[in-house]
Amino acid sequence: MPEINILQILFNSIVTGSLYILVALGLTMTYTLTKFPNFAHAEFITIGAYIVYAVTEQLGLGIIPGILMAFIVSGFVGVGSFLLVYRPLERRKSTMVQLMVSSIGVGIVIRYLIQQIWGGQDLRFKTLEFSAFNVGPIRMTMLWVIIIVTGILLVVIIHLLLTQTKIGKAMRATAANPGLAQSCGIDIDKITAIVWFIGAALAGVGGFFKAADTKLVPVLGWSVLLPAFAVIVLGGIGSFYGMIAGAYIIGLAENFSIIPLLSLGLSTDYKTAVGFIVIILILIFSPSGLAGIDWGGIFKRKKHRGES
Amino acid sequence: MLKVVDLHKDFGGLKVLDGVDLEVERNQVVGLIGPNGSGKTTLFNVIAGVYKPTSGEVLLDGERVDGLKPDQLYRKGLVRTFQIPRPFRKLTVLDNLLLAGREQIGERFLNVFRLIKWKMQEKELLEKAEEIMDLLNLSHLSDEYAGNLSGGQLKLLELGRALMSDPKIMLLDEPAGGVNPTLAIRLFGKIRELAETRNLTFFIIEHRMETLMNYSDYMFVLYRGKIIVEGEPKKVMDDERVIEVYLGEL
Amino acid sequence: MAFPIGYLLDTLVFAGIFGILSLSLNIEFGHTGLPNFGKVAFFMIGAYTSALITLSGKPFIAGITGAMIVSGICGVLISLPAIRLREDYLAITTLAFGEILRLILKNEEWIAGGVLGLKGIPEALSLKGVQATLYGHVVVVYISLAIFFIFLRFLEKSPYGRLLKAIREDELAAQSFGKNTVFYKAQSFAIGSAVAGAAGSLYAQYLSYIGPDLFMPIVTFTVWAMLIIGGIGNYKGAILGSFIYIGFERGARIMKDYLHLPVDPNNLMFIIFGLLLIVVLLFRPEGVLKEEKVKLL
Amino acid sequence: MLEAKNVSAGYGSSVVVDSATVEAREGDVVTIVGPNGSGKSTLLKSIVGQARVFSGEIIYNGEDITNLRTDQIVRKGIGYVPQVENVFVNLTVKENLEMGGYMIDEGLEETMNEVLSLFPELTRHMNRKVSVLSGGERQMLAIARSLMARPRMLIVDEPTANLAPKLVHKVLAKIRELAEAGYSVLMVEQNAKKALDISDYCYILASGKLVFEGRPKEVLAHEEFGKIYLGLRT
């Protein structure tokens, strides 16, 4: 069994968690506002990565314009699918399952458009070289550092947006009580569209980071969609701060699962299953996520037993 | 017939039922009234097994039935209807009624292919359903999806489904709510008739006092989770306390 | 291989197998209202079980029976904790279950060959010559399809089927008429899973090779698309949906072989199919064949 | 100021309110009372665009507002306080007030100070989440929130539902205070007697029909009031 570097695993966990924040944020926001799990979110993630590829590798315009374009294009794809598909379905009083299936349709359309444009083979970011270096016992690359910084920055920015700006507060108000928001004069259609834009845009940027760290394939988004579901389900759907906690917990669980897997002689591939198992356990035992667990109750019951 | 003893139900510290005692006698039409939020629907939900009581007893023919689930209570002869009708929208009116029949042989997976056996029972159910549709003037809608019925027709269907299972006692939650007054009077007429001709017992939540006055044998008034007045309708209606709780004085 | 007939038979076999899969989703979702987004898991369980049984020398009938039993049991085991969940949670849970299962089969070589999968799975009907064998496949698949279709229609036209539909419409109301709905939901899930297992068994013996990569979530989504397009709650619609989809897919392949288009026909076919799914949901949400009023036998 | 003339209203196709006429005059507290199921909440909802008006008309300051959307009606200067879910539970008190004043472009601060001067008890909770407030405080906040849009008229649906008796008195006193401060109020109440104490005029609704109207004193003095109220006399 190879030597285990706990600090390295911890660092990797933070990288994974930060990436999950990027991809899960939009998923939880649209889930809350439009009330269905959007499977096409996977393709919002994928499209962003390909746009960065097109701008930096194919057009040679550099990474910053690439990320900006990815943000914009993914955002428009997100808001476009909301305006053209999900909102009309909502207005026709479609069921949640119908919305879910429609999002599968949207995902298929986008995925094969991507495949048509860029082909189905693996692509790599050749112009972006991230050489590894050591900080104490931890080996890292610049990309990983950027992912962590982006994740933290994003948390701060979204926190400020939601608590300090009028539009951010209106987003929270709409999520909590659309009817009342409307009677306050909030244009909830506009707010919802903005949320779809931001959520998809961030997913696109997250997709780029994921692709830069691994490789670029049309199923890129799918490889992170289920963990992203795990993150938001764990944090409690609709809870921004719960989502952040969920992202890092899943990040830690995935990376630390290597230790028991290795000691049991199992494949480390199973670390990707950690998220799936978390989803199943959480949904079955505490469907509202960590927040839904009656922590006080558990505590009291134990105390009570102690007394008797 | 139905007896409730010192029934309590809390929802997270909120005492919705605070010691309810009542008894419904056989073959009577018994009304339950009380202002909004007094706990009427909660009382029904506890008796019908949707919620477990926090404490207290529910007895059906002397047997403890509190804590039993809706399907178990059904088998003991207690059926309830919902304040807001809950039809099976994409089943026909006839199928809605047939479904409510009890102990159906053909509902067991392994019996599905014993055609002759379940078809005989189905025939009996069909006769009964037709009789009920006749009684409730639903015959012309027999083949219509329940989802296409009007509010008043749905109320009748609720009642019809409950009748299908030959219950001993029926709990009706606002059977005439949202129904126009003429139909409401007809509906209560039917209920009265059923109680007298079919050995049925009814326990009814209703807010149309004038209707209950004319059609019930006995009344309970629930207020803040307790029965505060009971008796014959005339007596209850003349009771100052009843008017006071409705006006918010107590 | 002579183009028309070989192609046609192959297409028919696929349409038949996916038709069975689509039927299995219809009893769960169309009929009982349980959105199973892990359909591929039970398809996979059936394929692997059947492959392992037939590879050990047992006849196909043992393979398909075993596939149905194992898939059905797995269906019950998954459903017991999961069917109490809200529909979106049920969907995500079953989706995750499928992925876990695929990951296990991929990584554990000792179960069924890991990434490489299983090769040389014997056919149900071994006949002389490629063409004759192909006809044999068509016969086996369509006999199975006919059996499942008749079986499920029989269920639909019995008080049992009426009850499943009532649960779909309003579970609490069904309970208050004395029906143990959880029990019935688990049964529906078990039947659906067993039928999906049979489809898996037919798939394995037809391809003679199976591997984890054949059982990606896209398979589940395809089946959903078939059912939505064909008509939710209508068993004929479920089969029709499969024919529409496979027709699309094969049409694209033929185009690829015979036409020179500026776009890859395979991509084009998925894009059109995705759009078709959306258009159906928007403008004809009940599907091509509407759910019918069912008269009992 | 506000007049609903011969209004029949309900949901879908079912008629709950049958040809009711009510009027609210400037600076008055007008109360509609009636037992549950009488249709009084539906009447109120039809005025603010949350239930359908089948026939009749609703006139506000000479303008026909029948069947407009809620936000359009709110923009015309009518504040609406629903019976339930009338605050944003995941927002702080201050944020709730800000959302109430969402349409105000200038002078949000001043408006908030004005509103808070009417509800001084809210000031010490400003940065707290609404979920920690008591039922009475929430009700106060709901009313305060609706005032943030600077309405001239308030429509309040059962402000005392599910409140402890002591709080009932407090909330109703506050509503009277608002009328003194110049707002017109149209409310629906089940706590009939207590509501009448603070009202200038009242209507009694039973089974969807208006059965009685008048000044509270006249109504309370009527010997058969209780029976009328319960729909036993017409």
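Going in written order, the chains are labelled A, B, C and D, and every chain counts its residues from 1.
Note that a contact is a pair of C-beta atoms (placed from the backbone, for glycine too) under 8 Å apart; a residue touches a chain by one contact, two chains touch by 3 or more.
Here the structure is a predicted model, which is why all the values come from computation and not from measurement.
Novice: With one step meaning two chains touch, work out the least steps from chain A to chain B.
Specialist: The fewest steps needed to get from chain A to chain B is 2.
Novice: What chain lies farthest away from chain A once each centre is taken as the mean of the Cα atoms?
Specialist: Relative to chain A, the chain whose C-alpha centre sits farthest away is B.
Novice: For chain A and chain D, what's the span in angstrom between their mean Cα positions?
Specialist: Each chain reduced to its C-alpha mean, chain A and chain D end up 43 Å apart.
Novice: Where the centres are mean C-alpha positions, what is the separation of chain B from chain D, in Å?
Specialist: Whole-Å distance between the two chain centres: 34.
Novice: Centroid from C-alpha atoms only, then distance chain C to chain D, rounded to Å. What do you get?
Specialist: Centre separation, chain C to chain D: 56 Å.
Novice: Have a look at which chains touch which and call the overall pattern line, ring, star, complete or other.
Specialist: ring
Novice: Per the touch rule above, enumerate the chain pairs that touch, sorted by label.
Specialist: After working through each pair, the chains in contact turn out to be A-C, A-D, B-C, B-D.
Novice: Could you list, by residue number, the parts of chain B that touch chain C in their complex?
Specialist: Within the complex, chain B touches chain C at residues 48, 50, 69-71, 74-75, 79-80, 82, 86-92, 95, 98-100, 102, 104-109, 111-113, 115, 118-119, 122, 143, 145, 161, 165.
Novice: Within the complex, which stretch of chain D touches chain B?
Specialist: Touching chain B: residues 12-16, 35-38, 161-162, 168, 189-195, 207, 226-227, 229-232 of chain D.
Novice: Touching chain B in the complex: which residues of chain C?
Specialist: Those residues of chain C that touch chain B are 154-155, 158-160, 162-163, 165-166, 168-170, 172-181, 187, 233, 291, 293-294, 296-297.
Novice: For the complex, give me every residue of chain A touching chain D.
Specialist: 166, 169-170, 172-173, 175-177, 179-186
Novice: Help me check something: in the complex, which residues belonging to chain D touch chain A?
Specialist: Interface residues on the chain D side: 48, 69-71, 74-75, 80, 82, 85-91, 95, 98-100, 102-103, 145, 149.
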